[in-house]
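Every chain is named by a letter (A, B and C) in the order it is written, and numbering of its residues begins at 1.
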Amino acid sequence: MKGLAPLFLGIFGTFAFSWVGLTVIPNWQIGHLNPQSDEDGTDIYPMPQSGMVQWGARVYAANGCIYCHSEQVRAEYAGADIDRKWGDRRSAPRDYIFERPVLLGKMRMGQDLANIGARAPAEQESPSPGGGGNPAGSPSGAAQSPSPSAAQPKAQGAQSPGATAAPQQQPAASPATSPAASPTSPASKPAPIARAGTGIASPSPGVAAAAAGAASPGAPPLAGPPWPEQTAGLPPMYSAAWHHVHLYSPRSINFDSNMPSYRFLYQARRISDVHSSDALRLTGSDAPPEGWEIIPTYDAKCLVAYMMALNQSHPLKEVKSAGSASAVSPAASPSAAPGGQPPPK
Amino acid sequence: MNPAGIPLKEPSVSAAAGDTEQLERALIDASTRVPVLIFYTSAVAWLILGTLLAGFVSFKLHTPDLLSDISFLTWGRVRPAHMNVMVYGWASMAGMGTAIWLMARLCRTVLRYPLLLVAGAGFWNLGVFLGVGGILLGDSTGYQWLEFPSYAAIILFVAYALVASWAVLMFRFRRGEQIYISQWYLLGAFLWFPWLYAAGQLMLFVVPVQGVLQAAVGWWYANNLLFLWFGAIGLGTAYYMIPKVIGRPVYSYHLAAIGFWSYALFSSWTGMQRLVDGPFPAWMVTASIAATILTLIPVATVGLNHHMTMQGYFPLMRYSPTLRFTVFGAMSYTVFSLVGVVISLRSVAGYVNFTEASIAYSHLGLYAFFTMVIFGSMYYIVPRLIGREWRYGSLIKLHFWASAYGIGLMTLMLLAGGFLQGASMENPSLAFSESVESVLPYLRGRSLAGILLTVSHFIFAYHFGLMLFGLGRKSTVPTFLNPVEAEGAEAHI
Amino acid sequence: MNESTPTPEPHSGQGMDYSEIADVQDVHAAVQREKREPRVGREPLSIWLIAVYGLAVFFGGAYLGRYSGNFSGEALDPYGGEMPTMKKVTGPQGAQQAAELSPHDRGKKIFAANCQTCHQANGLGVAGQYPPLAGSEFTTGGSQRPAMIVMKGLQGPVTVKGQKFGAAVMQPWDKTLTDQKIADVLTYERSEWGNNASPVTAEQIAALRKELANHPNSFTEPDILAVPAEEDLPGGAPAGGAPPKPGEAAKPGEPPKPKG
């Protein structure tokens, strides 16, 4: 080649071609999406993240969670994501319009997290008996202990197996608070889970339910959906408390887990007179020594707030929900979907 | 095989072609000494750091409790730190060092404005240092291949501006009217990198695109960096070293031209295949997969060109370190591209997406192809800058085999492990942790490969250090990998 | 001098210093033994290679054509399948959901879109700033008080469940929300989080709207407290607890209270 000019033009041209084709044109196509809203304007999805959730996304990015976890659900024909109950439907561009940085992820050494907030227990909806917003004036019923009490350290933290037989009447201690207790995260859900104390002859779930329900004074006990199966000593799967324990010590929850522990996101603190409601409930060798408790730092709380907010279960018009596939069987629904659907694979 | 028995197709092309030509080259080499050695020394230092970080990454993945409580050593930070040190510290700086020397030689002019390069190297080192420190301390941006926080990225950009302006000036003042193949690739690389980097930074940080497009821009950037920056430097270097060492012309100009333009055109469109089945319009992903298929054109072309050039001279690989590393790298380019095509097809991608197989692909490109070619070029160039030969042929041999076996083992382990991991993930009746279990033994195998690579790099660094301190061999004869038997050997390396 | 000797010797002495090229004869050996700079040959293209190109272009092009979903920005599916429309029917609840959502569920959506930011999804508000609704005497008593608050807003100090609030001001919603929506959200608040108070209808809110038509914005606590705690809006649904959740039978209610 003799001339510099054609060489330069060619170098520029090939680059410009790919830049336009792969970044500019998609930007025209999907770069200015609005959230979906219904006619009333009340059901807007997605909503912008704010506050602790946004900071939590930064913590997630800075600690490299994307190198093991993805946040995208693939369609049914493409992978087993929906079969694994990682989502009701595949992810669509509209799900991510408010995310910065977008944390799609490319590796799955750990589960996909796109709907991890949706997999939180349904009880997340019930009132949190603990946390910062704890109404001080709640009358103390026999079955509740929302305010920290001296007996609580025995229910959490240090394990003395001999204490199992101790006649502790109080059931669950106050749960580790999720960031919902902090006022700045409107989108996150509370974690009101009353937990069975470790090593204590655990109160029946009914008592635990009563404890949670009784925390709102004057209300009758909740007769909600059945509580999840709890492994003794562990918070319910995917609740905020569970996330904290999982981050602190992944192998206490899943022995086969390869996830590194993130203890540097937590602090050990000497228990003063009140036991913090944020304290992690740890067992075995992870548990702090007597008189100490492990509490999450602000980063940890934000990270868990972010994860509790990860929820793509809201239906989108442009994407078929997995639930509608079951409507194809005529016996299930009288009104079959008009227009036909591609047969489920 | 006795190299003396190899017939040359042309009359002797020894440097007796002209004393003036020798002098010219010697002067050029002398003028490139300081900048190129600065780039090389920095690169080797980053290589060692990156290799140590790689050890952490590999071991911590299957032994997660190793040093896990220290915030700046958590796996999620060490992994991007390793990647960025290797990409921007080792590969970019070594590539630039080689490219600078090649540009000087090919433009046939003494290196002008060396201060631009020295300043560029200084800023670049500063940028990488701040960037890696930032990542380890928790400032990673979360975009793969662009994790450097903005305070480091801007320094990198300034550094690069200095280097790029030097390249343009050199090109402006070149002598001779023909532009050799390597110069096309190198000019392309020097121009593509700043445009890429600027586009990536602008569209992700300055005027961010919305939502999933950030991931699209990110992977467009990453793949283009791999092909248009590293690949271009690698191919340009191979196009110089192979004919230079064996003393034969490149086989065909037409093949070279087709190879270059098809390479530029098609490999720049790849990248989206990494997002297969993601929340993107299908055409983007398919366009990239189609482009990946079409990159078989430049692969076939360049491969054929090199092969025909080397025809009859393969035995020289027994002796010449440069040739051995470079040909290994060039062949790896073919393997890397084929693997890339296979794992990007939708039917296969469904299995290997989200698995370790993509790590194998990246390492094939960056290490088996690019790094090996650069090693070869360093073995050629450094004696010409220092005036000594490499001290121990055995160390070079050890370096080669440890690297070759290391990357070969690593690729095999990760590809096999990745397929198994993907197969388990695709089977919903298996718990998710099964997929992790299935890949764990392969990750341990990868750590073993990593040990080989670590040994190899330490050997190289030591050897390079010897050269830097003037402890190389003083000889008219280059350091061969194996003793050359007969007199009259044409292996003038 | 260009012959290579076998087996390189180990380095010993100092030799020349190559850092200066002043002497043209002292060009170092590596440069001297080099071959000339690379150049390019002119072999023609092989026909087989062109065949390979053709195959690559064919497969690449076919792939592009087949799996591009018409190059549309909305086609996430490479097979270019039919665009699925949002189905309101899903599973056994299809019939129910094909009909209207219950007031409770509608109210929940309205709450989420408008009220949740302050009063929180769990209805507990934020200590010192936003009063709770769960178990609040204002929410669960008669429907007159909460309806007034929602319609016209509230400002100034107020005590709820024994705690003081007053830092924040609640905006009026009469201009932003329709009667039906205010009724639905009140119904939701009065039957959620353990609250168990009577639902509110759109007609009641319409009547209240007329009554408050000339009222300036924002009640204060004394205004609200002036209304009896158990006072319901006139014309409401029979008092009898929370409205039935989907699937449950409606509870039989008491006869309407006489208007007081």
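The criterion applied here is as follows: a contact is a pair of C-beta atoms (placed from the backbone, for glycine too) under 8 Å apart; a residue touches a chain by one contact, two chains touch by 3 or more.
Remember, predicted model here, so these are calculated numbers, not experimental data.
Asks: Think of each chain as a node with edges to the chains it touches; is that a line, ring, star, complete or other?
Replies: Per interface graph, the chains form a complete graph.
Asks: Please work out which of A-C and B-C is bridged by more C-beta pairs in contact, and write that pair.
Replies: Per the contact counts, B-C leads.
Asks: Between chain A and chain B, tell me the centre distance in angstrom, where each centre is the average of that chain's C-alpha atoms.
Replies: Inter-chain centre distance comes to 40 Å.
Asks: Counting in whole Å, what is the centre-to-centre distance of chain A and chain C, each centre being its mean C-alpha position?
Replies: 14
Asks: What's the distance between the Cα centroids of chain B and chain C, rounded to whole Å?
Replies: 43
Asks: For chain A, write out the residues touching at least two other chains, lowest number first.
Replies: In chain A, 26, 29-30, 75, 90, 92-93 touch at least two other chains.
Asks: Residues of chain C that contact two or more other chains, please.
Replies: Chain C, residues with two or more chain partners: 72-74, 76-77.
Asks: Residues of chain B that contact two or more other chains, please.
Replies: Residues 279-281, 287 of chain B touch two or more partner chains.
Asks: Using the touch definition up top, name the residues of chain C that touch chain B in the complex.
Replies: On the chain C side, the touching residues are 1-11, 13-19, 21, 24, 27-46, 49, 52-53, 56-57, 59-61, 63-64, 67-78, 80.
Asks: For chain B, which residues count as touching chain C in their complex?
Replies: Interface residues on chain B, with respect to chain C: 13-17, 19, 21-23, 25-27, 29-30, 105-106, 180-182, 239-240, 243-247, 249-256, 258, 279-283, 285-287, 289-291, 293-294, 296-297, 300-301, 304, 308, 346, 383-384, 386-389, 391, 393, 471-480, 483-489, 491-493.
Asks: So in the complex, which bits of chain B are touching chain A?
Replies: Interface residues on the chain B side: 60-62, 64-65, 68-71, 74-77, 79-80, 138-144, 171, 177-179, 184, 187-188, 191-192, 195-196, 199, 203-204, 208-217, 220, 224, 228, 257, 261, 264-265, 268-269, 271-272, 274-281, 284, 287-288, 350, 353-356, 358, 425-428, 432-433, 435-437, 439-440.
Asks: Could you list, by residue number, the parts of chain A that touch chain B in their complex?
Replies: 1-2, 4, 7-8, 10-12, 14-15, 17-19, 21-23, 26-27, 29-33, 58, 60-68, 70, 72, 74-75, 78-80, 83-84, 90-111, 250-251, 254, 256-264
Asks: Going by the contact rule at the top, pick out the chain A residues touching chain C in the complex.
Replies: It is residues 26, 28-30, 40-44, 75, 77, 90, 92-93, 125-128, 132-137, 180, 183, 186, 189-190, 192, 213, 216-220, 222, 315-321, 323-324, 326-327, 332-337, 339-342 of chain A that touch chain C.
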